[in-house]
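Below are two complexes that have chain A in common, paired first with chain B and then with chain C.
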Partner chain A sequence: MTAIDVAILLFLAITAVTIARIRDLWAAVMFTGIYSFLSASWMLLLDAPDVSFTEAAVGAGISTVLMLSTLALTGTTEKASGAKFRPIPFMVVVLTGCMLIYGTLDMPQIGDPSDPIHIHPSPSFVERTQGDMHGLPNVVTAVLGSYRGYDTLGETTVVFTAGIAVLLILRRGKEEDSKTGGRPGSAAASGDNA
Partner chain B sequence: MKTFPIIRVVTKILIPYILLFGCYVQFHGDYGPGGGFQAGVIFASGLILYGLVFGLDAVRTVAPPRVIEKLMSLGVLIFAGTGVLTMLLGGNFLDYDYLEHHVLPGILPTGQHLGLFLVELGVGVTVTAVMTMIFYAFAGRVQAKHVQAKQEPTP
Partner chain C sequence: MTMVQALGLYNYWVVVFLMMTGFYIVIARRNLIKSILGLNIFQTSVFLLYISMGKIDGATAPIVPPDIAAAAAHHGDHHSDHHGHGEHAGHGVVDHGVDHGVDGATEIAHEAAHSATGYVAMTGIDAENIVYSNPLPSVLMLTAIVVGIATTALALALIVRVREDYGTVEEDEILQINQEEWAAGRERAAKKKKASPGVSAR
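So, the complex of A and B:
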């Protein structure tokens, strides 16, 4: 582990604790954005630039914006929970944490070629893509788009279905239509002003 | 946001590059890191940034909700359509080897490359449209609340 790894993991932990403890929701949303950006940097250090792109754009960008618009609709402070120190939940959390840390001791080294994930599906997978894909170098795209095309089609459908569901819940029917109908006129008016 | 000239100017400079980077991640995804989903969210975040700085009405003029709505389903249609196309050409569903052709070899992608290109395009279109549409849905509610708050005291 280099100093950068340690620094990013440390910042991740600090940000997580801050999010859990802070009562000002606006600040908490900002901290989740920071957390996502740190995760994106961490993914980049783990040589996963694809995941890093996604985390930076979705986590730090879009979801922060959506959380802020939700706050604009609800409110920006959380009621104090009147928290007393409860020993049993505390013990459960500490025990679970210890078990998880104990579990990581058995994990293989990062990038070890004898990892189960590198051996299990087929050791020749990486070699086979060169021939199968006519020399397209990106194995990740080949696996996602071609070898597991069904999965990706399913994922795309999930994104589509989620979008439809959000629209069905949040859309405001007629009002929205009349607004979009009035849009060109108002846009032209503001254009004249400029 | 008319009171923040620095934000407006910097955003105007940044947005073309964000969209260009989105296109790069989309169309270069077969060679480098990236692909449809990443490109979709980058493209959508460019649109959302424009909406945040210049207002919901401005971004709705650029990307009208009616068009974006249709793009949501068009992406899935491109993806599934590629699969149906390979079936019509005699192969299995999503078996891109059957897309092999000999028109302009070396210039147009062919076979597996063409299949991946189409499929990633479908993913990119759907993800861009869904993300933008969700932003419209949220921001539209916020705008409606502000309009209500302004109208209520007058009568």
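So, the complex of A and C:
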């Protein structure tokens, strides 16, 4: 646990709280980008460069762009009444948090080589990939592309399905608008048809 | 609980704090976009939880140094070309046996350690004793990140759609509009019911 670790964790916590408190959605989205970038940095410190790159590209990049384009279509400020402190959700959250922290007391120490997670798949993938993959240097790539290839195929299917769904949802809106000549902000009409 | 134990769990506590912040945003904020932001924070903290489990003290990222990897490549496939890594010409690996299972790995590392140049020789790292962090959490989280962005995109598309129909992305306003509609629909249905017996009597 170095000073960098502590600093990044502190920044992460501050950023998260700021996102919860801030009312301007543009600013909140920007803070989400910062949050993703900070977590990417921390992942790099935790020896997971692949996840770090992906998080920086997807979390801080694509996700921010998607959020901003949504904001451009929907408006940028949260209603004042929506951003005030709410005691009941806060209580729920504190209770859940306390339970989770109580649960962590039984967790193995971070970084201990004898943790169950490091012992179970034995021999380790690092040793196995050297023989199986003919010297592919990056073990994460080997596991992702080969040992868990079907998982990655499933992931691709999920992304494909989501992409089609997004296209259908956004296109349906346009078609309906052109059919009825557009009725901005009116929910009553669609409700009646149903 | 000693200080050392507390430090070993410190990561988890911060992750729990981040998770709960995201959870609070999801359940307490009425703006739909804000809820998605909260969901993203929650998601990222779950990634951090898994990644910190995979960390081993004093270990390095699970990427094998080029020398050792190239030696393994020689070992596994004699016909592959390695023009990019000309420095390990003197390995003599071609004469080695066909067995390249798990035992082969140590052998390969051994060979690479004895090569005169390259990464291992330059950095002075003992090739047989490099400790790598666990690659499995990284793999799982890579998948999770990509699936996460897919669901986020879907949620945002739905929000755009909601905004087109309701003219707002505030949850309470949407509920209010729904309730008004429902009441109006009931009124109309009641009127229809009242009117229909009269029609049939005539």
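We take it that the second predicted complex is superposed on the first by the 158 of 194 C-alpha atoms of A that agree within 3 Å, B and C clash if a C-alpha of one lies under 4 Å from a C-alpha of the other, contacts with A are read in each partner's own complex, and residues count from 1 in each chain.
The rule is simple: a contact is a pair of C-beta atoms (placed from the backbone, for glycine too) under 8 Å apart; a residue touches a chain by one contact, two chains touch by 3 or more.
As the structure is a prediction and not an experimental result, all values here were calculated from the model.
Of the two partner chains, chain B (first) and chain C (second), which one does A:Pro49 touch, if any: first, second, both, or neither?
Both partners, chain B and chain C.
Contacts for A:Gln109 in the overlay, against chain B (first) and chain C (second): which applies, first, second, both or neither?
In the superposed model, A:Gln109 contacts chain C only, not chain B.
Return first, second, both or neither, reflecting whether A:Asn138 touches chain B, chain C, both chains, or no partner chain.
Both: A:Asn138 reaches chain B and chain C.
First (chain B), second (chain C), both or neither: which does A:Gly149 touch?
first
Does chain B (first) or chain C (second) touch A:Ile164, or do both, or does neither?
In the superposition, A:Ile164 touches chain B alone.
In the superposed arrangement, which partner chain does A:Gln130 touch: chain B (first), chain C (second), both, or neither?
So A:Gln130 only meets chain C here.
Given the touch rule stated above, what does A:Ile62 touch, chain B (first), chain C (second), both, or neither?
Both partners, chain B and chain C.
Which one hits more chain A residues, chain B or chain C?
Of chain B and chain C, more residues of chain A lie in contact with C.
Could you list which residues of chain A make contact with chain B in one structure and with chain C in the other?
Chain A residues touching both partners: 49-50, 54, 58, 62, 66, 70, 73, 133-134, 136-138, 140, 144, 152, 155, 159, 162-163, 166, 170, 172, 184, 186-187, 190.
For the complex, give me every residue of chain B touching chain A.
Touch list, chain B to chain A: 25, 29-38, 41-42, 44-45, 48-49, 52, 57-58, 60-61, 64-66, 69, 72-73, 75-76, 79-80, 83, 93-94, 96, 111-113, 115-116, 119-120, 122-123, 126-127, 129-131, 133-135, 137-142, 144-145.
Which of the residues in chain A come into contact with chain B in the complex?
By the definition above, chain A touches chain B via 49-50, 53-54, 57-58, 61-62, 65-66, 69-70, 72-73, 132-134, 136-138, 140-142, 144-146, 149-150, 152-153, 155-157, 159-160, 162-164, 166-167, 170-172, 175-176, 179-180, 183-184, 186-187, 190.
Which chain A residues qualify as touching chain C in the complex?
Against chain C, chain A makes touches at 1, 9, 12-13, 16-17, 19-20, 25, 28-29, 32, 35-36, 39, 42-43, 46-51, 54-55, 58-59, 62-63, 66-67, 70-71, 73-75, 78-79, 81-83, 86, 89-90, 92-94, 96-97, 100-101, 104-105, 107, 109-113, 115, 117-118, 121, 123-131, 133-140, 143-144, 148, 151-152, 155, 158-159, 161-163, 165-166, 169-170, 172-173, 177, 184-188, 190-192.
For chain C, which residues are in contact with chain A within the complex?
1, 5, 7-14, 16-25, 27-31, 33-34, 36-38, 40-41, 44-45, 47-48, 51-57, 59-66, 68-77, 80, 100-102, 104-106, 108-109, 131-139, 141-143, 145-154, 156-161, 163-167, 169-173, 177-178, 181, 184-185
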